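First chain written, first letter: the chains are A, B, C and D, and each begins at residue 1.
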Amino acid sequence: MNSFGRIFKVAIFGESHGESVGVNIDGIPAGLPLTVEDFLTDIERRKGGNQRGTTPRKEDDLPIFKSGLFNNKTTGAPLTIIFENKNTRSGDYEKLRDFPRPSHADFVAHQKFGGFEDFRGGGHFSGRLTVCLVAVGVIAKKLLQHAHGTKVAASILEIGGEKDLEKGLQKAIDAKDSIGGIVECRVAGLPAGLGEPFFDSAESLISHAAFSIPAVRGIEFGTGFAAARMFGVEHNDAIIDTNGTTRTNHAGGIVGGITNGNELVYRIAIKPTASTPKDQDTLNWNTGDVETFSVKGRHDLCIALRVPVVLEAVTAMVLADLMMLEQRVKRLI
Amino acid sequence: MNSFGRIFKVAIFGESHGESVGVNIDGIPAGLPLTVEDFLTDIERRKGGNQRGTTPRKEDDLPIFKSGLFNNKTTGAPLTIIFENKNTRSGDYEKLRDFPRPSHADFVAHQKFGGFEDFRGGGHFSGRLTVCLVAVGVIAKKLLQHAHGTKVAASILEIGGEKDLEKGLQKAIDAKDSIGGIVECRVAGLPAGLGEPFFDSAESLISHAAFSIPAVRGIEFGTGFAAARMFGVEHNDAIIDTNGTTRTNHAGGIVGGITNGNELVYRIAIKPTASTPKDQDTLNWNTGDVETFSVKGRHDLCIALRVPVVLEAVTAMVLADLMMLEQRVKRLI
Amino acid sequence: MNSFGRIFKVAIFGESHGESVGVNIDGIPAGLPLTVEDFLTDIERRKGGNQRGTTPRKEDDLPIFKSGLFNNKTTGAPLTIIFENKNTRSGDYEKLRDFPRPSHADFVAHQKFGGFEDFRGGGHFSGRLTVCLVAVGVIAKKLLQHAHGTKVAASILEIGGEKDLEKGLQKAIDAKDSIGGIVECRVAGLPAGLGEPFFDSAESLISHAAFSIPAVRGIEFGTGFAAARMFGVEHNDAIIDTNGTTRTNHAGGIVGGITNGNELVYRIAIKPTASTPKDQDTLNWNTGDVETFSVKGRHDLCIALRVPVVLEAVTAMVLADLMMLEQRVKRLI
Amino acid sequence: MNSFGRIFKVAIFGESHGESVGVNIDGIPAGLPLTVEDFLTDIERRKGGNQRGTTPRKEDDLPIFKSGLFNNKTTGAPLTIIFENKNTRSGDYEKLRDFPRPSHADFVAHQKFGGFEDFRGGGHFSGRLTVCLVAVGVIAKKLLQHAHGTKVAASILEIGGEKDLEKGLQKAIDAKDSIGGIVECRVAGLPAGLGEPFFDSAESLISHAAFSIPAVRGIEFGTGFAAARMFGVEHNDAIIDTNGTTRTNHAGGIVGGITNGNELVYRIAIKPTASTPKDQDTLNWNTGDVETFSVKGRHDLCIALRVPVVLEAVTAMVLADLMMLEQRVKRLI
């Protein structure tokens, strides 16, 4: 299903080459100030075309509020935002209809939806829909900031294995190929006690949301995979005060599925953009044969560059929902 | 919340040192044959005491059916299973109440539940509850097998960085410390088309479930983190027939959030058991000072050894739910 | 929350005097043919202005598809429909801001949303949003018709206690007051087995949906309240064949919370339109005194006249969801 | 599905002639004092055998806590309660297997679950499970009382159309038949602002829960069906102070789907017990013919007598959930 959240409920819709994409958010408290200006920075961060390695396709991407806003404040009713698709060139894609693009959703969409899917530019599977997630993030980050001064910040850690990002990108440019990367997210000022034991652990919910970002292939919290090679006494974080501050933070801010008030730290692995400039083999749906083809159109060499703001968004979305859930605990008793 | 699933709905309950732990499953189709014997192998696989590096605590762990079963078949009504806690020694734990154990849930549970939590042996946070997950897995695997011949199998890949597991364990024994490991899960015979774009991607749901297993610190699908260092043409999987078979399987069986009919492959990182035999620093809740203490009681040197059957269980749980959801698509149209 | 359904998931949004109202539907199977024409009849049935006793406010109310449709067929992705608000006159309402209208949501909205609510014309509480429900109904009825030939039909039973509807309306016109009515819904061709024991009984879900229609004050299935005055042998429906056909249908097609394959029959009570032309007492928010005021603007004398098509819609919505849920049961076993 | 609630989540399980019935509740705040004694009064109120017109079947019905309780206080973890079935006589029912009892779930259960259902005494459809609802109610009423001093009270309004209940019962005894009744629920001290516009209106949720009680055939809020025969100026409740107190309470405490702080009032219609002592016609599953048969076993002449405590329970369950949901609104802003 295309929705997420228990109290702060988010649903996204739209297709890459339809007339628009959008998001419906239920559960925003009434009275949050919100204007188009609040969205500009994050929408700009998400856009391609501003740096080497990202697609030249650009949209104005101004949020159009359809409901839930009155006198520049949220009303408590569902908030709907639309982003128009102004800059589509379906022609580029239609000729590829004979070839399901490798590592794209073309083939599985066909299997799942029986050929009725909107295949143009990936349709509903397109990374275009991440602009909706970014809009959610703007609102969720405002709520977190307002409630606890919580701050969510994600950044690129490496491109193509290089911490010097220019160097990583140059590898891709030299190879005339796309390339992957790693993005880290940190959350400061998060209250302890968010998350539930077992099924709704904080890691469960964050990873659930993070894997809804296209191209994510892995996630690790704190020391992550390195923890599998550590001894217990190395990995454990000594608690050193009555706030629960720990001397080290190998746990990345989550213990037993619950935030512990220390900084939340996690990383995700982004695969190389599926649309590489290189020739590739794939099935020809018409002939049934494997043929070599090449993807045309505008694409990012390194999609990881555009991910940080999206990762912040889904992280804030999860945390806003958990924060609202947690408020209940202490009120009745 | 302690529940998971949309149609195949699972809720677990109980505490390590309460009288029992249990699970309630709603949504099992009527008519599935089920006996105590079906559970024995997997419950045995989960138990400690059978191999070096696992705790000597053992329970009979025979499932007691409370509802939903009639003449050894499921009835379509909610199925409830209880496992009695026979072999508890709370005394071991009560003296630790002054010290929140590092990397255990003691501190966060106190923060979240205000001191009302059952702290004995970790209470509801205890790994003891994974026996309930294993029971869910037995049922879910039967359903998957029945529906499509789907098979779920997990195994240890490495212990303490060693692919030779005996060698990894010996490192821990020599160091008198606990140690982490990596577990891999593979699913064969899975139909294409499971999962949804964005929020309910197959990776989202599987990772959600996997992180509900205590001690999991990371997850990666297919090539996972290595994908972040690959070029596009290396990583993309060429589609080579009309079933969607791919020449390679870097994607690990999921593209665009949807299973593609190839083998599902993913790995999780397990941290070293938090209860290490070594001395550790932690807060003394009474004095407010940091003190050195050591954990007594029975513990696993390497909890990863007991994880494979639990990972199979939560994987099968997710896939059974997705399979039931997917059936709807083609029936009306 | 403004959403409903487990598989066929519906969320509505918008305000009476905002720029538009709309609906997002997730879970529609791919391949359902859908055009603007499919909506015209039901949208027309809902409109006021066509008969005595309904408001002269009219909108074109043509559905604008924002997502989920491609080549006039559903794609399996979320479908979003917008209805523009073209014909609003906020001035009429703004001067009432000092007076919370009796039996309207003005006062509770203020209590719930702290004054941030869009109060114009009832804002998000407005009956205007029922056009979104009607749109859902068009799709759900198509699905039901396609799956089982199921037909949903609602009609007015009485107005102001009169079965002769003209007579009932004339009472209101003579009294220069608004008036209530009773609407009945019948569903033919419904398969047996929909609904669940206890919490998700068919009555539970239908009544849940029916009470989301503004102005509904009661619901009864089959003989309903009259059953409270009957003996068992009078009320029980003898089963007379192996399909479960019953000799009588006092149950209204639901037994034990499950549809039994006989005609589904239920009735709802609609209160008189809250906006009566008569003078009324209410609080003056500014002065804190009770004052007499009169509602201006365009209103229905008898809102019940517009309810049948909305009742069909929410009924079809519930049944479509239950039908998709039920498909799972027999497939695995 | 056999679960209800968004934050205060309830799932029930068990069968009439299984070994026990039970309930799992997730979302209870930690620290609520709870002992067996808290349950005795309500469990006694639900029992038959104490008054004319109810079944002589009695169970001790002492709640057995399986989880979520520690030192007589809730822990914040899921609470599970079991009630043993000690006093079952399946023999009475097994001979009826050939005859689906009219107005019982026997036939629909067979259609839905394909013959795998536990048919003894109605299995999972049995009114026996209402003891689980009563247990939920004890906890929910404690929470409501603690939070706002809210009090929930239900009582019989009429039996067989008689307000003198003895007279109504005597009608049934004289006719040697079962008989229906009407139950009213009132909630005092309820805060304003609970419920949501449209799908989660307070009426929607309360009716959803009320129709999960077996034998309920109708529900009406405030003036209910009588409102359909009223003029607007008669029905509207004048608001007379800044707390939202109304001069009359035709609305029954809910306007626009939201509680308005006035007394919540609603009524439900209960059909005559399906198991009447009279001979009835029904299908013989073996022969395919319609035959006359008579129900043996212990049954209530008037099941309505046992409903008030169950109605209180499900009402309190809904209101506890809404109260926890509502807390979020004002905290962030």
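Definition applied: contacts are C-beta pairs under 8 Å (C-beta built on N, C-alpha and C of every residue); 3 or more make two chains touch, one makes a residue touch a chain.
The model shown is predicted, which means the values in this text are computed figures rather than measured ones.
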item	value
Farthest chain relative to chain C (centres taken as mean CA coordinates)	B
Selected pair, greater C-beta contact count between C-D and B-C	C-D
Euclidean distance of C-alpha centroids - chain A vs chain C, Å	37
Inter-centroid spacing, chain C versus chain B (mean Cα positions, whole Å)	44
Intercentroid distance (Cα basis), chain D paired with chain C, Å	25
Where chain A touches two or more other chains at once, by residue number	1-3, 6, 12, 27, 30-31, 76-77, 112-114, 124, 197, 329-330, 333
Complex contacts: residues of chain C adjacent to chain B	6-7, 27, 29-32, 76-77, 143, 146-147, 197, 323-325, 327-333
Chain C - residues contacting chain A, complex	1-3, 9, 11-15, 18-22, 24, 26-27, 30-31, 66-68, 70, 73-80, 82, 112-114, 116-118, 123-124
Touching residues on chain A, where the partner in the complex is chain B	1-4, 6, 10, 12, 100, 102-105, 107-109, 111-114, 122, 124-125, 129, 158, 160-161, 172, 175, 177-182, 192-193, 196-201, 203-205, 207-212, 214, 216-242, 244, 246-247, 250-252, 255-261, 269-276, 278, 280-283, 285, 288, 290, 304, 326, 329-330, 333
